[in-house]
Structures are given as structure tokens and as C-alpha cells.
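For reference, the structure is listed below as C-alpha cells.
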């Protein structure tokens, strides 16, 4: 048997429902300081990068990893924005609480409410290209999907099929005490996020390399991506942002900044067929701002 | 954790390399009697049929099971002969040593020498339709593949990803003491196989139902199917045939009857492009009789 | 009285023998009246339409594969299938007569027996439809047809058969009182079953109708 | 002798002060000659092309993001980055001069330092390219560019930098002697590293050339 569960330390306290957890006061105008202490989480350990075999299968795994970490270069024709797989799945898809690939691999095929059908892993990956990368789904039987599947499969070596593993997805977040707020979010953004993502959420490019992804605007994920949902973004942010300081924002701060980020225009939902209201009713029965008026803009109205 | 390994009894002794194992003498003209005693094999236990969930995912799993066990009815347009998935994968794909689906699920994507590339599970399944069922591969993103994948995934619940499980595939067989022989094989066939598969290997149909699959001829698996390889067929036969009496033929008998069965004409290898010799050289560098002369026939020559 | 009956019987026998010389009795005749040589009409026990008599544990013959029926008659005669009742009758039939009477019953429609919906036994159903592969036993329906309606030429219909009859047969396989199965298949299969399972699968099969899907 | 020198220095100072009144010294002038108000020419320590002096542990400045350089000069002055050497020099520069000299060095090409192929340290390489996510530490290259060449405006080039310099900086983050990092990112990151890892990653980065892919 080759199932390796190690005790790893993660930076995230994800004690959902623990309403009593202290929310430390933040000195106004200062960057948030770490508010959590690492707690041990029993997490699956994917195999070490060095152990990718030196054969045809290993080649496919490496290609998958390259596509995953440099999607713009290795799967350029399927990407329609400045986003890469690794932007939402940190540490090349290995990191617990950052929607790790190993946890996803053992949970598909599965029914998804998003499209009201059973999705295979390949369909799930295609969804990432369509929404998060605002592009064209790679063909189900093509090399891009095959390589990404091979990489995910390889990362999951030893993981039990069909089992919901600790660290899968993003840790569900407590509800905020206060309604998420745009102005508070804007301040948190300026203090904690703008450093990398730019004052206007535009991200950073260097030559032909996307270094930090844009968070809104025409080069960001679109109105169909999971990350446009405030709860999803808040959960991701709380666990993982700022990069290297995951867990340093409070629950309230994570909600506020997620609300702020997702109160900006971004590329249209690809399921949009000409009627904003109809699209909202059909696909946006969740915590998001699609169709809401922000300032003079109705979000989704002027989308690319 | 939901990994269930139980000690199951299988009927097969697959002590490969155990050349000292006694080969009992068979009274001529009599059916072979069981020559092995059940030995305990640590085998993975797929979940019980009753536990298929009563939801959309469960529906897909059930469809997969129906396709698997009644391929002729549920995936008719992809089947070109009188073969079903379950013919090679007994007990609806659950049975250890009969290429169980749960063992296959956790081993793909994988490189296959057969087509010299990494194959996803969907490609592997497509191969079954193309060769074993002499048909048309269902589309990679269609419902047939999705249902079969869902069924295989569900059967593998708890099985560790990437791990070669006991009972996977067919148990590798010792080499025979004597070269496999057509005449001896013919006798074994008449005594043990003809009851169900017919005196001329034609199988049994009842109404529109295929009850026992044909083993050669135009309705059998084609010259590209794994089962046309003598070693593969011998391994399958030794472990599983006659149905309900797996392990009752000796190793020598299994080789002889596999040799006999696969010394008959069957549908053409779909990779054939007009030149028998070229096809043989490109795809038949293994233990098979494709291109051999048997009686007045060159096998593969007059294939459909 | 006694003499008259004897005489009339003798006359009948002579008449019958005479007709037999001309042509062997048809399957129908044997089924309904016997062959006049010790084999009584089959229908007296197996029902006028060959539908059997579940209460008495007599199996139905109607719609069974002809080859199967012939094989059983021969087995009764040579005692590879032990039956004190059937042995003398089967022994009284010529090979030709066996063939004829088997053909007659094989041509009759499968009876509309069984079909007691809602009485499904979970264990019995599993054995019939899925088998018990953990010990290498295939489903009954794998060989006997997808609803137990039989598969010609060798596998008889078992659905809707008398529960008592089914149970006895399975027990006979186990005890070796019946050993006429090809390749010893049934003996091998039954060897994997516990007594409670034999009871359960017999009970389940008896509830089904061989004439329609379960 | 002494007097003559003093006079000539005074003359130079007067001349310089006069020209300063007319226009502030250019970035190039400050870099090469200093600002005449206590800040010597940067190149005396950081190399004539801003390429640093690895032996002495002086970092290269050439090709670093301008905003980063300005931020460091301010940090030396306000001692959020503690350096007894740099503190008086930085304090001697006006905001305008800091801007000018930073712009000058930012415009120079990244030096062709490092590039010692084959000296890769496995631990150091892993930290630089993959990070240490088990404790939440991202790869160096995630923020400092995919070959450590820096990412404007906030992340300096680190590849090919003096090993000694890199190691000292990481230790300074850890001890709090340097605390001018935005959002406390570097302090947080370094807190996850062991001393041997700091040494390894410094050693590894020093072997790379910021000017070309590793």
C-alpha cells in the first residue's frame, strides 16, 4: 500500500462554525498581521516532483505540469485572458486548501449543480478554461486535457478514490459579522493586494510573462468563473492571500475584499445569450454581483 | 477513511513462476475437474450494488452498469459484434482476476505499448469498443463514455489511486510445458467450452439477447482485441473458464484451448490498411496467430 | 370382473402394439396416454399443458429445451439422475419415444406460473441475478436466460418452477444424487451455496414467471 | 599640502553648491561622484556599472526596479532597513536625488553575474523554484520573476546577487533589522525557513544570472 498521509502544517484555521474565534482589531491604515497560528491538519501528501518517472508517462505528467503552471505558454490557444491554472491552485496544484488537484482527481465524475449534470474530470477541467481562463475548452480527447489529467492523476498517487480528503477545495468560511462592504474592501485591497495585483486590479505582466494575475477587467476571469462568487473568493483569499501570508486577513476582511474585487466589471459570462436578466436568473443564484448596479455601471452590462 | 480491503476467496491459484505446482493428469475424454483449492487473496472489495446513490450521479452509475452488462442494448450503435463488456470482465466488472474495473480505474492514465502513447481511461474504454466489440469508439465527451467512467469510478470507491491492486487484469500464467497444440485444444474445447460457446465457437443468441458470446467468426472480437493474443486468452480462461469453474483447467489445457480458439478467422484488425504482412509486423509482435496459415486459410486474409 | 378387465387391457395392449408396429406413438400420445409399455401419460403428473404441479413438486416441462428433456429422460434411465418415480418410466421409453415426447413438450409455451410480484427475496434475487462471485458462483440467469426462461439447447427454464422441486434438485446436485450436468457445472455451482441460500434462491425463482421479464 | 587640499575641496564644494543651486545633480552624477553633501558616488562600492561587488558583499543595483531602489534609500534613512554604512549616505540624499539616482541605476542592464552552471543546490533550487508550501512559503521566483530577475515596481532582482548579501538580508528580515518589506511579506516568508535553508537558497540564487533563464 502506498497511501501516505502525513501531518502537515497549514497556515489556515478553518474552524467553520467557530463563531467564538477572536477577530483581532486591525490598526487602521496598517497591513493586516498574521492572526492565526498554524494548526496541524492531516493532509494528503502528493509525491515529490523529483519522482516523476523518466518515461513516456512521465513526459505526459511533466507536460501537464507545464500547462498547469504556464498555461499561457503551453495551452495558449485555449486561454482567453491573463490567467493560469496555478493562480487558483497554488504550489502547482499541490497545496491543501487551495483546491489541490489530488483532491479533485479522486472526486470525479461527480454531479455539479453549476451545469446540472454529471461531470467527468475532463469536463471539470474544460470548465476552468471556459470560465476562469475565459477561453475555449480544449477538446476532450486532445493532448492538453490528457496531460492535465495525467498530472492530476500522478499527484493523487495513493489517494483513495471517491473520498473527500482534508484540504480539498477551499475551506468553507464562517459568515461575516457585518455585511461585506465595498469601502472597507477597497481599503483592504489597497493595503494587502495592490502590491502584486496593481492598484486597479490589473495584475502585473513582465515581457510576455504574467507574473500576478489581474483580478478584474478584460484580462481577468469571467462572470462564469467560480472565483466571481463572493463566498468562493473570500474562502480562497482567507486561506491563501496575500501569497505567503495566508490566514493573515480576518474572516471579515476576506469577505470585504472579496466583495470589493467582485464588484468590478469583468468578461461576460459565456452562457450569456443577449439578456442579462435571464442570464442572472439562470446561472447566478448565488453570492455574486452580476447584474448589480455599482456606481453608474450595471455589472455584466458592458462586459467584453 | 473508506478503504475496504477484505480477505476474499478466489478460485484461482495464480502462483506465477511456481513451476513445481502439480499438473494433475486428466482422464482422456472427460471434463476437467477442479485442480486447485481456493486460496485467500487480499482483494479490494467494490461497494455493494445496493449502495448506488439515488441521485443524478447514481443514475449515471446505473446507466454505466447497464451499458457494461447489456452493451448490445444500451450502446448498440458502438457495438459491431455479439460481444458485451461483461464477457471479458465478469460479475459486471467486479470480479478480481477478470480485469475488474476498480483495478483499471486507479491505473489510468497510463502508457500502453499497444498504441505507443499515454492512454486515458476513456481511450482505454474506446479501445474495447474498437477491438473487443469490433465497433466504433463512442465519442470521448459523450454519455456512453461518461456513464462507463462513472460506473468504474464508483466501483473503485476507496481504492488507492495509481496502485496496482491484487486481482487486477488477468493473472499471468506460467508457460506451458508443451508447445500449445491445435488438436489437444480442439478436444478441450469440445469437452469444456462448446456447451455454451457452441461446437463452432458461434456462441448462443436467444431472441435479441446474446447469452454466450461467439469466440470466433464474424460476430466475435476482432484481430486487434486483447483476447486474440494467446497468452491473454489463456490467462483469462485459466482463471475464469468454464464459467463457474474457473481454475479447473490445467495451465497446459488453458494454453492449448486458447491456441485453438485463436487459430480461427475473426473480423479484421481495424488497423489493417490493405497489407496483411505490414499489419502483422506493425501490430502483432506478440503471441498470436494473425497471418499464420491454418489449414488452407491464412488467418486475417479473408477477414470481414 | 377381474377377467374382463384383464381381457380388455390385453386387447388394448394388442391394439396398441399393432399400431406401434405401424408407427411409433406420437409425442402427444405418449404425453397424454403413455407409450403402453410401462410409461404412463406424462400429463397425469406434469399437468395437461405440461405446466407441472407445484403443490406436489412436479416440475413443468412445457417450453423446456428439447435436448434438455431428452438428456433428463436418459439420465433417469441410466440413473445419473436418481428418481425412483421417473426411473422405470424413462426406462420404458425408447430413444425414439424420448425424442418425440421431448419435442412435444418443448413446443408448448412456457407456463404462466410464478409471477408473484412483491415476494422477492433479497438473498435469492442476488444469487439469481448477480451470483456469488466471492466464491466463484455466476448468477443463475447468466446461463439460464436473463429471466430464467432457459437457453436452448442445454439450459432449462428455472423461473416459476416449483419451489420444492428447485430446492430438491439443488440438494440432489450437492449430494451427488444428480450428476448428469454437463462439465459438472451445477455440482460445482451448488458446492458454493449454503443451505439457506439454496432455500432463498429456490423461493425467489418460484415467484418469477418464465414467460415474462421479472 | 593639507591646506591646499582643503582649499581645493572647498573650491570644489563651492563650485558644486553653485551648480546645485542652478539644477540638482543628475542621477549619473550622484552615482559616479556623489551629491557633494555627504553622499559619495555609489559606484565606489556598487561597481562602475552598478554590478555590485560580490566579494565585499555589496549588492548590484543595475537593472533593479526604480521604485524598489527609492524605497530602500528611504528605508536606510528612516532605519526600517538598518545599515550603519548606508544610513548616513541615504540621509544625505534629498527625495529628488533619491529619485534621480534610482532612475539612473534602474535604466542600466542587469549584470551578467552568477551563471555558474552546475553548482545548483537541490534544497536552494527547490526553495527558489517551488517554495516550501508545507509551511506556506511560496517560491522566491513566484514574486521575484521566473528566473529571479525582479518584477517592477516592488520586487527586486535576486538572481546573481552576492551570496553573502542575500544571506545577510534574509537574516536581517528574520531578526527584524530589516522591516521595510511591504505587508511584512519577507518577514513572514523568512520566518518559515531554517538557517540551513537560508544558506542554501542564498547559495543557489548567487549562481544564477538574472539576465538569462536558469
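Lettered A, B, C and D in written order, each chain numbered from 1.
Throughout what follows, contacts are C-beta pairs under 8 Å (C-beta built on N, C-alpha and C of every residue); 3 or more make two chains touch, one makes a residue touch a chain.
As the structure is a computational prediction, the values presented were derived from the model and not from experiment.
Student: Which two chains have the greatest number of C-beta pairs in contact?
Tutor: After counting contacts between each pair of chains, the winner is A-B.
Student: For subunit D, which other chain has the most distant CA centre?
Tutor: It is C whose centre lies farthest from that of subunit D.
Student: Please tell me the distance, in whole Å, between the geometric centres of subunit B and subunit C computed from their C-alpha atoms.
Tutor: Between these chains, centre-to-centre, one finds 34 Å.
Student: How many Å are there between the centre of subunit A and the centre of subunit B, using C-alpha atoms for each centre?
Tutor: Chain centroid spacing, subunit A to subunit B, equals 43 Å.
Student: Centre to centre, by mean C-alpha position, how many angstrom separate subunit A and subunit C?
Tutor: From the centre of subunit A to the centre of subunit C is 68 Å.
Student: Taking touching chains as linked, do they make an open path (line), a single closed cycle (ring), a hub with spokes (star), an all-linked set (complete), or other?
Tutor: Here the contact pattern is a line, an open path with two ends.
Student: Let me make sure I understand the interfaces: which chain pairs count as touching?
Tutor: In this structure, the chains touch in these pairs: A-B, A-D, B-C.
Student: Given the complex with subunit B, which residues does subunit A contribute to the contact?
Tutor: Spelled out, the residues of subunit A in touch with subunit B are 1-3, 55-57, 60, 105-106, 108-111, 116-118, 120, 122-123, 139-141, 145-146, 149-150, 153-154, 156-163.
Student: Note which residues of subunit C are touching subunit B in the complex, please.
Tutor: That would be residues 130-131, 133-138, 142-143, 145-146, 151-152, 154, 182-185, 188-189 of subunit C.
Student: Under the stated contact criterion, what part of subunit A meets subunit D in this complex?
Tutor: Those residues of subunit A that touch subunit D are 8-11, 31-34, 38, 49, 90-92, 94-95, 191-192, 195-196, 204, 206, 209, 211-212, 242-248.
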